[in-house]
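When the chains are written out, they are named A, B, C and D in that same order, and each has its own residue count from 1.
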Amino acid sequence: MREINFRQALGEAIAEEMERDPAVFIIGEDVGKMGGLMGEIGGLYDKYGPEKVRDTPLSEAAILGAAIGTAITGLRPIARMRFCDFMGIAWDEVLNQMTKMRYMFGGKIKVPLTMDALSGAGRRTAAQHSQSLEGMFMCMPGLKIVLPSNAHDAKGLLKTAIRDDNPVLFLEHKLLMWGGLKSEVPDGEYTIPFGQAEIKREGSDVTVVATAAMVQRALNAAEKLQQEKGLSLEIVDPRTIVPFDKQTVLNSVKKTGRLVVFTEECATGSFAGQVAAIVADEGFDYLDAPIKRVNAPDTPVPYGIILEDFWMPDENNLIKAINEITV
Amino acid sequence: MREINFRQALGEAIAEEMERDPAVFIIGEDVGKMGGLMGEIGGLYDKYGPEKVRDTPLSEAAILGAAIGTAITGLRPIARMRFCDFMGIAWDEVLNQMTKMRYMFGGKIKVPLTMDALSGAGRRTAAQHSQSLEGMFMCMPGLKIVLPSNAHDAKGLLKTAIRDDNPVLFLEHKLLMWGGLKSEVPDGEYTIPFGQAEIKREGSDVTVVATAAMVQRALNAAEKLQQEKGLSLEIVDPRTIVPFDKQTVLNSVKKTGRLVVFTEECATGSFAGQVAAIVADEGFDYLDAPIKRVNAPDTPVPYGIILEDFWMPDENNLIKAINEITV
Amino acid sequence: MTVAKEKLLDLYRTIVRIRRFEERVSEEFAAGNIPGSVHVYIGEEAVATGAIAHLRKDDYIMSTHRGHGHLIAKGGKMNLMMAELFAKKTGYCLGKGGSMHIADLDIGMLGAAGIVGSGIPIATGAGLSARMRGTDQVTICFFGDGASNIGRFHEGINLASVWKLPVIFVCENNLWAVSVPTSTSLAIQDVADRGVAYGIPGVVVDGQDVMAVYEAVGEAVTRARKGAGPTLIEAKTYRYRGHFEGDAGTYRPQEEIEKWLARDPLNIFQEQLIKMKMLTEKQAEEIDKEALEEVAKAVQFAKESPFPKPEETLDNVYA
Amino acid sequence: MTVAKEKLLDLYRTIVRIRRFEERVSEEFAAGNIPGSVHVYIGEEAVATGAIAHLRKDDYIMSTHRGHGHLIAKGGKMNLMMAELFAKKTGYCLGKGGSMHIADLDIGMLGAAGIVGSGIPIATGAGLSARMRGTDQVTICFFGDGASNIGRFHEGINLASVWKLPVIFVCENNLWAVSVPTSTSLAIQDVADRGVAYGIPGVVVDGQDVMAVYEAVGEAVTRARKGAGPTLIEAKTYRYRGHFEGDAGTYRPQEEIEKWLARDPLNIFQEQLIKMKMLTEKQAEEIDKEALEEVAKAVQFAKESPFPKPEETLDNVYA
């Protein structure tokens, strides 16, 4: 099968959906001639022109507000927000508008709007360009949140996002966007449904729920622990955190009796905490050990290699946590 | 001892702190002649005039941005944000500015800034004026969050907030602000330190962690269960959720073996989930039963009495959860 | 400007209907039949009436927290509105939205707004949508003087302007944002002057005069429909009651209130029409009676309608 | 306007120092010594140089993501800057902030800004603070043409205007916000015209000409210091390099780049001073040499400085 990287996956998904459905268009900063910060949607401007690939003034509230206005009147915008950190500028559009309109208006409206944004640390871009905000976005009923961990999933999930009739936030981890790692993808069209976790590695001793860039790190740790200790990790990747496929996680914990949630977020207010809380209730009887969360510390993301590497959760942090519950 | 209600507590705390420290001032909409939405700071405008009780144009980003600018240059603003829902307009000021400046600038700056805002449902004001957003604010390291449950605590905690050298969000639940319930308070000055939970009722069978308006409902349920079933609930009120006094909760769970977290938030992304996650890790060995969370459903807050009452967690929801883990 | 008699009577009917609806809302609120908070439009009716008169059913409007008048003028149904205010299942939003959150997509009403100013960029998006779908629909976006100070005013109008979108931004300047007067929240006399910042026309109009509003918005609609871009119109008006029902509004000077009461938009329009011999006193009475009946029926409908079932709370989050 | 020779030489030293610092930053970035992303100020140096020349040490400036020049002009230390860029413990922010987040409260530099436009309302607050503390400090707030389209531009300047605060808003219009030209992001020629929306003066100035900037900002500073309120100044300028180091900037037309290269602010100022006989070529060479030495020392300092310890990640969240 052919192989593509994360960036290509993104570009292909958007290109295919624009081809398929004339209602789909792109709005955001530097989406035109520049083709996105890394040229990831290069070519679309040449193909569709400035009417459908719309470079905007620097005004995130206007971008999302306008996207909402088009979504409720028959179009399907893809609003490219660049760094998810910038969405603070347009928070009300997400918090109080797109996610609440359908409910407030008694279900008589739909808001088919996809937002994509870079997320996560690892590029040394410090506190205002490195956050993982999924835990914060998760607090808004009405929003679906996609957090892919590889190119294959990214493509299939982004296509599903664009076809969804609800607001969807698609987060692209920087290490995946800049990293060259490739996945096999089918030549033809495929989509991946929301709310279906994937078991990235089967195992029997400990369940590790991991997201985005942490999935690869979890796989690395699993390999290491298998070889060094004969310990068998099961790695579960939720892929969408809203909706969240809790059943796959519960089934896994039922089998392993142990859970570590491994995400790149500040510990407080994290998706990881949410997973732990669910299992501490609905999976309590399966548990043989405390539920561990391996996250970043409750600090802004620091600049520089040394501090940021310390800040980011990694294989060692994960292994340490696993050791604590498997001795 | 004399008794005051929540609104008076708020007014007294601000008045006393303005009297004590000339650097303290008020900025926000309708803080002047109107004295706040409910006249809760009435009198201060007459006393201090428009220089220190500053009515602003309708522009929340400017209010918080300006407050930050004064805070880093020697003043101690109290920014009155009215409904916490409106803070989406000024989210970046909270998310990326006030809470990150000290860290980004290597500790060489301080941001002594208090924000207060109404929170919670119960006033039939629908989706955009009724949210409990503490779970969302909790995701920002650098912010302290106060969530008082009665007038006595409110006064002491607000004074501590104003004296704190960090950004503090002080949330006023509407049912407390509009409710007439009074607390005994000392005549003289008192403050309440952050990060100290208070056990509002001692008990031995089940620990209930409750916040804000849910504390009174928990106390009601405790009374009922005591009388009807001889069940003894211990009600723990964290009072500040950042910093969070986890030790008091863990100690309580150690005693009772059972935990229910009872807060008025959408279940997903809640402070309640965070508490559950902490106990599922650090208090795992104390637990005799699944950790229950009693929260609102994952929907926007609906309008009207019937739907909103269904949406808000209440004594019955709590009792039901307790029954599930005490049969 | 000459306007056909039937059109003028339509406008008159609209202004009367808004006034009577709002008066009744105020009463029903006081009687405890409407929960939550309600902002009535009394005193400002000429703006919605004159502006929306130019729109087709498929054109859009974006409303505010003070939105009943806009909806009525656009063709909204009073019974569904009143039922919504009463939190009944038969209301526009199944009783889930209330006064600040009514929308009616079927007639192009894109929603009221509990967050001040939130509608401005969304209206820009509606304009963009019309352009991209190749229709000649226009959008009128209403907002207050208070909203003209919020960031989204700037972002939303700038975007509409650089893309020359068919949106008319109508600022209802009633001199107050709750207790804060425009004299302390803007350093300029006219919000309309802000059009300069976006290279679009800024027009000041007497918001108590239906005909004046009609004329000014007419030009802007023509401009928008032919693709020449947005206009910023400022209607100088006044709210006759407190900011919300229950607000005594004591922060406002009595002389100011009286001055504006003397320029009641309903009286002004009635006098104009009578003078123009387009309306007789008898006709006026009939129109008033019809409006009162329509309102009474709406209240009856609301009262007799069932409440939603508690579990309906859980519906309608996702499509 | 006559300016003392020593002052002119100071300004010349400043513009040279900024240029040489930025050139070196660009090299060090290319060499892999500076992580993250860096936006250099080459081509725009006349703006910071001419504007900040009016400020006292206790006056404030608010900077941007393209902030090195502002900091140097305000008296920032190159070695602490370079160490910060190198992510060293000896840097301005202990290596925690990097290029986009340097502040130096001791000299009134309130911070760079990773979020475009975030500094505008904060600068308004600094102005408010000066007023409330009874000082005559002024604040200069820098931002780009891109930032002039963001909501906080509107909110922040409006507030400064209604309160007549001592803040000078300096828009560095370099014609581009990354790949988006002002011609598609504003429907007006001059950002300065936006002053109309706030009832404050709006002034356009040649941002390649130190003396022109000096003169325009001088008036605004005088106005601010005497309590007459804010001014909006637009300096027309150009960035000579890509948006960030590593951006080839291919979206910009070559003729445009060449046109602006021909108006290099450093050359222009040098020629002016030589013509005015305030500077000799020899002096110019010396100043250049000194600047290069200062930069070299800063790099050496940065290179020799220790990195922070990993655990220091956990410090400095709360006071």
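List of remarks:
The working rule: a contact is a pair of C-beta atoms (placed from the backbone, for glycine too) under 8 Å apart; a residue touches a chain by one contact, two chains touch by 3 or more.
Keep in mind that what you see is a predicted model, and the values were worked out from it rather than measured.
Chains touching both chain A and chain B: C, D. Farthest chain from chain A (centres taken as the mean of C-alpha atoms): C.
In whole angstrom, the spacing between the mean C-alpha positions of chain A and chain D is 36.
Separating the CA-averaged centres of chain C and chain D is a span of 45 Å. In terms of their C-alpha centroids, the spacing between chain A and chain C amounts to 41 Å. Of all residues in chain C, those that touch two or more other chains are 93, 95-97, 101, 114-115, 149-152, 154-155, 158, 162, 184-186, 317. For chain A, the set of residues touching two or more other chains reads 56-57, 59-61, 85, 88-89, 92, 96, 103-104, 126-128, 141-142, 298-300, 302-303. If the chains shown are joined wherever they touch, the resulting network links each chain directly to all the rest. Residues 35-37, 87, 93, 95-98, 100-101, 114-117, 146-147, 149-151, 177-180, 184-186, 251, 307-314, 317 of chain D touch chain A in their complex.
Touching chain A in their complex are the following residues of chain C: 60, 91-97, 101-105, 110-111, 114-115, 118, 120-130, 132-133, 151-152, 154-156, 158-159, 162, 315-319.
Taken together, the chain C residues at the contact with chain D in this complex read 149-155, 158, 161-162, 184-188, 193-194, 196-200. On the side of chain A, the complex with chain B involves touching residues 85, 88-89, 91-92, 94-96, 99-100, 103-104, 126-128, 133, 135-136, 138-142, 242, 265-266, 268-270, 272-274, 276-282, 284-285, 287, 289-293, 298-300, 302-303. Within the complex formed with chain D, the chain B residues making contact are 25, 51-52, 56-57, 59, 61-62, 64-75, 92-93, 96-97, 101-112, 141-142, 144, 165-166.
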